[in-house]
Structures are given as structure tokens and as C-alpha cells.
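After the C-alpha cells below, expect a handful of questions from me.
Order of writing sets the chain letters: A, B, C and D. Residues in each chain are counted from 1.
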Amino acid sequence: MMRYLAALAVLVGFAIMPEVIGEYYVEIMILFMINLILASSFRLITTCGDWSLSHVVFMGVGAYATALLAKFLGWPFWGTVLLGGMASAVIGLAVVFPLLRTKGFGFFIGSFALGEFVRLIWVKFHFPFGGPRGMIGIPSIELSDIDFYEAIPYYYLVLLFTIACLAILYRIDLSRTGKVLKAIYADEDLSRCIGINVARYRAMAFSVSAFFAGIAGVLLAHRLGAIDPKNFDVNTMVYLVIWVVVGGVGSFWGPLIGVAVMMLVGEAARPLAEWRPLLFGGILIVFLTLLPGGLDSLMSKVREMLDKRTADGTEKI
Amino acid sequence: MAILEVKNLSKNFGGLMANRDLDLEVEEGEIRGVIGPNGAGKTTFFNVISGVYKPSGGTIKFDGTLISNLSPDKIAGLGVVRTFQRVALFPNFTVLENVNIGRHLHARESLFGAVFGMSKQKEIENLEKSRQIVDFLGMTEHQDELASNLPYGLQRALNVAIALATEPRLLMLDEPVAGMNPTETAEMTRIIRLIRDEMGMTVMLVEHDMRTVMNLCDKITVIDFGEKLAEGLPQEIRANKDVIEAYLGAEDIVA
Amino acid sequence: MLLSVKEASVYFGKVSGIRDVSIDVEEGQIVALIGANGAGKSTTLRAISGLKQPSSGEIWFKGERIDDLSPEEITMRGIAHVPEGRRVFPYMTVKENLEMGAFSRKDKAGIARDLEGVFRHFPRLRERLTQAAGTMSGGEQQMLAMGRALMSDPTVVLMDEPSLGLSPILCQEIAKIIKEIHAEGRTVVLVEQNARLALSLAQKGYVLETGSVVLEDDAKALLENDKVRETYLGGSD
Amino acid sequence: MDWPTFIQSISNAVILGSIYATVAVGLALAFGVMQMANFAHGEFFMAGAYVVYVFYALGGMPFPAAVISAFPVVAALGVVTERFVFRPTRGNVLAGFMATAGVAFILQVIVGQVWGVGLMRSVPTPYMGAASILGAQVSWQRLIILPSTLVMVGGLWFFLHRVKLGKALRACAQDVEAASLQGININKITALSMAISGGFAGVAGALMAPINAVTPYMGHSIIVTAFIVVIVGGMASIEGSILAAFILGFIHTFVTTLFDAVLATMAGVAFMAIILVVKPTGLLGRVRM
């Protein structure tokens, strides 16, 4: 009951937020929600033990796909968003296929290399991708007379997508499929020997997570109006890794917490300007060396301690 | 007809012959023991049959189907499932969840179905079946405990439970009573017999504990230095001079 | 007492490897630890040599507590460990492997003398000096692992399953060498699956079951103990 | 491609391969000893270039002395990284790798704040002129890279195969636990291997300082190539990484000459992908130190 009330409160909070905060913060919130989709989809890959270093590239695939379809073919938004996601999923399959023989560090590096290959295609071909300078003039979204060029309508559109994507990812996490992925992570040999096709599940996790990254990319492209290959390079990827590491991947909520906390830290550190990467780098090192489970593990530790105290009967909550 | 037919099976690692020209036939409904000294190649034999390793030579047929070059999940799908010598389970799942993951082969779920909850009915059936297996192994009171919190003996029992959940036709147990105390050993022996008698599965096991093997098995195969040294009924094996020498060490080894 | 383990317990995560194991080794003895797979014999040796720190209990060597020392410090104090599965350095030559055994020693003359000693025990190693260790047979690797351990001129040698995977003839050879090493005045702690071999070499034996010592006696007495015979020596015929 | 261009490309490829080899050998060494995958290896390279910039271009130290002093300076960075990043994450390759991405950020910011971002630091060329080889012109500045690489790689080989401490390092790479049982202090060995690894990257960066644009972000391009080299060669194999360095040197040089630099990078990445599919252990994955 408490849980549903909390969820309702969060939803209402998000719904009325644009009325309360200024336009600048509405833009920040739009980015925040796009990053939530990105980070949460990234976690899906990690549940089976794979860490990818190419996830933001798939965000780029969605972004480029929607830009091309909207700009050159004049497709409507509902078409481009679906196709943007699908394009990411398909290219994700192509990328993950050769990587299925690798694990752990090899997978991480290999995914980086193949992602880089995809990204360099955008750099290399001026037509239609615009080369290193990328694509500009991506049309804003129009749906039945509403102009999504304005921040507030766009905010609600992204909110809708964020709720839908996170809900689906949450369902997958709880489903048998989600459990199978965690089983593969826990004991791959045992998983195989009880009939789980490990390669198929790893590929599926990668492709599905690429789909959602692609949708995040579509939403990003239409907001920025211009994209270039640098938006999706390894530097951006490292920031995604920092969010996810800070939040932790132990539970569904970890990456979401990570994005929230680190975007807050980023905003707070805005006056530090060029020193910010140092701060983020330091945070990354501290978390990996001292709190490898991220904030999520910290919270479950606290919860465990509280549980213990209630169990002892010394204190009731 | 034999349910498992192994012919001329060889496996080498680099120059080391772990298995050499092994022949073996297991009849349906049999409990077969595979014994031999440490390092004789018993676990390699299990790994090759279950598809963890590819054989270097020879053929393996299960129920007439050639399985020598299939992957472990395909072999499991055909009904050959093995346990591991080590404790192999999913530590962050509860006992019931562990067994339910073992139902994988009987729970085809599409991603679409997963998201929109369309496989609910199937899941309820699987959970029911998992519960029965947990009951069967006498772990009902532990079913909601995390597997990592179980004592060693129960963890080993859970290994067997996960394998049973796949409903195999041939269950291969790698040292099922290793490290167990006498009470646990007796209980596990009883369960293995029930698996054959009540569930109708064929069982093949590798085991060090001679007493368990002699008590339990219909027929015993002895492996030494990767080769088959002897095969026969327990009393024949017990009396076999070669076996005594290889397995137990010659009486007067230190002159 | 030269070496004593006092109520040591080792945990792997939440699972216990050994529980309250106590073992006493007197100078000049061969002490055998026997028991089934997974009974905790290797874990006991690993606790002594510092590869796995016990979570409780104490280990004393030459009147000094050593359970919180690192493996290299324990090696330098005179305990050499021949690990299970030989663990020679596969891409190094026989000579280099032996050299590593004497890594922390500075006395050149002593090293040369001990190298000769190793060759006396294992003449085959002298013939194979420049061969990569990983390309040798199992028996030769076992000899190299033992030779490497002797190069640190240890007081105590811990041997983990030296007969594993070796033919009966080679087992006899290894047994003979263990006796020679003992005759040199070194103390040996021997872990063996092959209980008959171990007990016939040793003066004293410990039987381990599921991580605890269940029986301790003279090796001879254990050889004649009915329960031991039935469980570990394959029945009393 | 005409004859002089061909010869020119060959000599460029060999020199590029030498630089790759110097960088990648360090990476492979650290990975081989204790699975330390250093994301900041490119920034170590950058740091070496800045040592030359500060000591030689600003401080007036002779060029060779500046190059040599890059070794201890960057070796110290390696030791610090080992102590505060790799040691706490030991046993988890990915965590160590990701954490060193943080080290890379930190080094970039510090160097940028002290010596300026964006502006290209120009290091005057100490050795003017060019040698004429079979009709191709190779500048002395590039040519000295070849003997430097030979000396360093040869020195490393000698250390690993003829010096007791170097052999201990190989022993660790082959079996850490067995090495500790021989009385080898593992922490000292891992620190040593990171010192050597850093030193190599530093000297490579120092040699390239007069040739490359010296910026805080110059490590980016080299780290990508270095990891491609090490994966292709076999993560823990020094011989493999040297072989792969020269293969990559040739691919890059020739594809750049015939087409362009972007395609050259794509070719390198594609080559690595093929190796990962066909032989995930790398070309010489079996050969270890």
C-alpha cells in the first residue's frame, strides 16, 4: 500500500513539476528523463554479467535514424520513434553477435570497438550523416496541432515515454526472462546444463536494451535539433558508466538513483567548470574501490540493519 | 535398447589423454556408478557427455540420437541433465526460485508475454511443480530462504533439486554425497533410489564414497588413467583384483 | 611443538571450509591428513601457508604466531607448500622454476648446494633443465614442484596430494622420495587421497570429515582401525 | 602508389609500429601480471609528452635527458595508480578498468589546468633534417624512435629473462598463488609492473612530443589503438602485442595513405573484431611471459 502511494506521489510530482520550476529546469528534467531510459536499459545488459562500452552509440543510432527519417522522408514522429528503436535493436544484434564468444573484459572492449566502428561511419560519410559536424535542422515534433518545440509539451511527451519504457524494463526485470539473465550471471555453466541457451539470452538482452537506448536517442535528437558523432563517443559513455556505478546495478532502482544523484552533483558543480571531470573521475574511483555495489547496495545494507533491529524486537518501525 | 551409448570416446587436453577409447552402455531405469581414483578422468567423462567439453573422438548417443557435438543446453533439452561436483546454484535466489529456474525447459516465455503477463497460467503450474520437487527433497521449510544461506548439505540437495526440475530422462550426478556427513549421505542415497523408483529416471553417478556406490548402483564402471578398467555388478567389482590395486593402492606400496 | 594449528576455522563466504581444526606436528615427523574429497585437507594446508587466512583460531610455528602473515613471509620462515595440482610455472624452464623456489635467499653457496640436493632426489630434472615446465609429464611436474619447494631449504614441507593422477609405479617413486626428504631431517605434512600410501609413510595421522578432525592417532593404529579401513581403505576384505 | 610513396609508407609504418609496440607492451605487461587493464594508459602517454614539454621546451634540458626522465615520472604515476586503484579492485578486471577511466579524467583536468586546454603545445624539433632511405625521406626525429624502441623492448626482455626480479614478475603472471608460495611479494611485483608499464608509455609519449600535437587529450587516440593492439596480440602476451603493433602500424599507414585516417581507424577496429570472432584469445594468446 505504502509503495503504491509513493509511486502515485512521484507521478503527481512529475506531472505538476513544469508548473513549479522554471524553463531552464524543465530542459534539465527532459534530459534527466532521457538519461533514466538510457541508464535503465543499460542495466538490462549488466543483469546477465555483460558490461557494454557501446550503449550510447545505440542511442546515436536512434537519434540518427529519426533525424534521417524526419528530415529527408518527412516521416511522422510515431513512425520514426518506432523505427529508431528497431534500428538500434537490429544493429545491436549485429554488434553483439561476434561478441558472444567473449566475456567480461573482452566483451567490454570488443563492444567498444564495434560501437566505435558504427560511430565512425557517421564521421566518415558526409552524405547522409553529415560527417564529423553531424546533422542539423532535425524537425521538431508535431502531433495533432501540438507543437513540441516548446519545452513544456515536450516534457510531457518524454514523461509519457519514460513511464512506458521504465514500466516495460521493470516488467522484464521481474519476469522469468529477467531471472534467467540473472541466473546466467550467477552461474553460467549451471545455466547451460539446465537447458538455458546462454548466447540467445545474452544477445536478446543486448538487443532489447539497444532498442530502448534508441528510443532515448530519438527523444534526444528532436529536443536538441542537431546531433553529431561526438554526442555518442566514449567520453559520454564513461559518464553513463559513472551514473550506473554510483547507483549500482543490484536492483532496478540503482541506475535511476545514480542518474538523479550525479545529475544533481553535476548541476551543483557547474561553477567549477573545467574541474568537473576531475570531480566525476574521483567519484568513479571512490565508488569502485570503496562501494562497488553503488548507492543501491548502501540502501539495502541500511534496510538489512533496520530489519535486524525490528526482528530483534528492540525497535519497531 | 540402451538409453545411453558411448563408443570409443576420447578426450585429450594438449598432450594429456583424460579419456581414452571409453565404451559404455546404460540401460533405461538403471542406476550406474562410475568410480576410479582421483584424476582418473571421471569428471572429464561427465563434462564430455553433458556437452561442456567437445569430445576429441568417438560418439555419444542418447536414445538413438547422436549428441556428441551438441551444446549443453541442447543436450539438456533432449533429457540429459547433470549436477556439478562443486556447489552449483543461484545464490541470490530463494530455494523455490532456484528450482523454478530449473523449469526453464518447460516454460517457454516470449519477451512480449513477459512484459504483458501472458504466461501467468504456465508460471503457476511451474511453481506448483517446483514446490513438489522441494517437498520431495524434504526442503519445504527452507523454500523461501536464500540459497546462499543454506548449510552445505542442503545446498548439495538443492543442486539435485534444480536438476530434477528439468525432468530429465538421464540424471547424471557428480559426487552427490561428497563432503556430507553420514546422516546426510544416507538421506541422499534414499533420495537417489526414489528418483529412479518413483520418477522413473535413469541415474548415472560419479562417486568416491565406496559404500554409497556399492549400496546404490545396479552396475559399476571403473575408470583408471582415462580408460575403462572394469565393469560389472557391485560384488564383481569388489572382488576384482585390478580394481583393488588401482583404486585403493597396492597393499605393499612402500617397500 | 614445531607447528601447531589451534582450533582454526576457514570460511568461504558463508560456507565453512574447516571448523575448529587442531593439528600438532613435531619436528622430524611425517604427519598425514586423510579424508574424502572436500573434507578440508587442502584448506588446512592453505591456512598454514597463508594462502587463506583463518577466520578464527591460531597457527604457531617455531614459537611464533603466523596466522596473520602473508604467504611469502611464511615461506621465508621455513614452511614450503607443494600445492595441489603441482602449479609449476608452465612457461618457465625447469631451471627458472627451481630458481624461483630460492627467490628470497641470498646465500649463493647454499643455493648451489640445495640445487645439487634436488638433482640427487630427482636426477631427471637435471636432464630437463632448459625444458618449459608446462611441456613435461604429470610425474615430472610433480617432481619439479617438490624440488622447487626444497630450494627454499624449508624446515617443514606441506605436500598436497603428490600422488594425484600418477601411475602406481610413479606413486612408489614419489613415496620413496618423500622418505628421503624426511631422512634429510625435514618435517613433512602430507595430504593424500591415497590413505594407505599416506599412513604407511607417516608416524601420525589425522582423519578429516566435512571440515573437522574426527580421529587422530598413530599412523599404524589408524591403518588398523576398522572404521578407517572400511571408509578409506576399501573394506577389510 | 609509386615507388617512393611505397618506401615512404613502409618506413612510416615501421616507425608507427614501434611506437605502438612501446605503448602496447606496457599495457600487456600490466595485464599479464595481475589483469590490470589501464584505461589511463593513453594519459600516461600524454604525461610523458608533457614531461618533454616542461623539461625540454620550457626548462631547456637536453632532449634525450628529458625523454629519459619521462620514465621515472610516469612510472611514479603507475605506482600510484596501482596502489590506489588496482590494488583495491584486484580480482575484478572490469572495475579496475572503469576506475582508471576516472584516473584518465583526473590527469586530463590537472594537465589542462596547469598548462592550458585547447592550445596546442609546440615542442621544437631537436633533430632537424631527414635521412634518405631508398629514395624516401625520413626525418631524424622519427628515425630515432626505432633504436629507442629496440633498446626498451630489448631491455625489458633482458630484465624478464635474465634478472631474478624480472623472472619473479613472469612467475606472477603465470601463477600468482604459486609465486607467493615461493616467497615473492605480490604487491611489490604488481607495483613494479605498473611502474614499468607507465614508464614505457611515458617514454613513448616523450618521443612523440615533437611530432604530435601536445594536448591534454592526446591520449585518446593512442589508447584506442593500444587496446586494439593488445586484444589482437593476446591480452597477456608481450610477443603478441609487438607483432600486433607492427601489423596495426602497417594497416594504419597504408589505409591512411591510400584512403583517409577515419577509414584507417575503422580498418583497425574491424581487424580487431575479426580476431575476436575467429580467435578470442588473440594471435599469440597462448604465449605468455
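Everything that follows uses one rule, which is that a contact is a pair of C-beta atoms (placed from the backbone, for glycine too) under 8 Å apart; a residue touches a chain by one contact, two chains touch by 3 or more.
As the structure is a computational prediction, the values presented were derived from the model and not from experiment.
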Distance in touch steps, counted as few as possible, from chain B out to chain C: 1
Shared chain contacts [chain A and chain C, defined touch]: B, D
Chain separated most widely from chain C, comparing mean CA positions: A
Distance between the centres, which are taken as Cα means, of chain D and chain B, whole angstrom: 49
For chain A paired with chain B, centre-to-centre distance based on mean C-alpha positions, whole Å: 42
Euclidean distance of C-alpha centroids - chain C vs chain D, Å: 43
Separation of chain A from chain D, taking each centre as the mean of its C-alpha atoms, in whole Å: 33
Contacts with two or more other chains, residues of chain C listed in rising order: none
Contacting chain pairs - touch in the sense defined above: A-B, A-D, B-C, C-D
Chain D residues within the chain C interface of the complex: 164, 167-168, 170-171, 174-175, 177-186, 287-289
Chain C to chain B touching residues, read off their complex: 13-16, 36-39, 135, 138, 161, 164-165, 167-168, 171-172, 175-176, 179, 193-197, 200-201, 209-211, 230-231, 233-235
Residue numbers on chain C that touch chain D, as the complex places them: 49-51, 70-72, 75-76, 80-81, 83, 87-92, 96, 99-101, 103-104, 148, 152
Touching residues on chain B, where the partner in the complex is chain C: 15-16, 37-40, 85, 87, 148-149, 152, 155, 175, 178-181, 208-211, 225, 238, 244-251, 253-255
Chain D partner contacts - residues on chain A that touch it in the complex: 51, 98-99, 101-102, 104-106, 108-110, 112-114, 116-117, 120-121, 123-124, 234, 238, 241-242, 245, 274-275, 277-278, 280-285, 288-290, 292
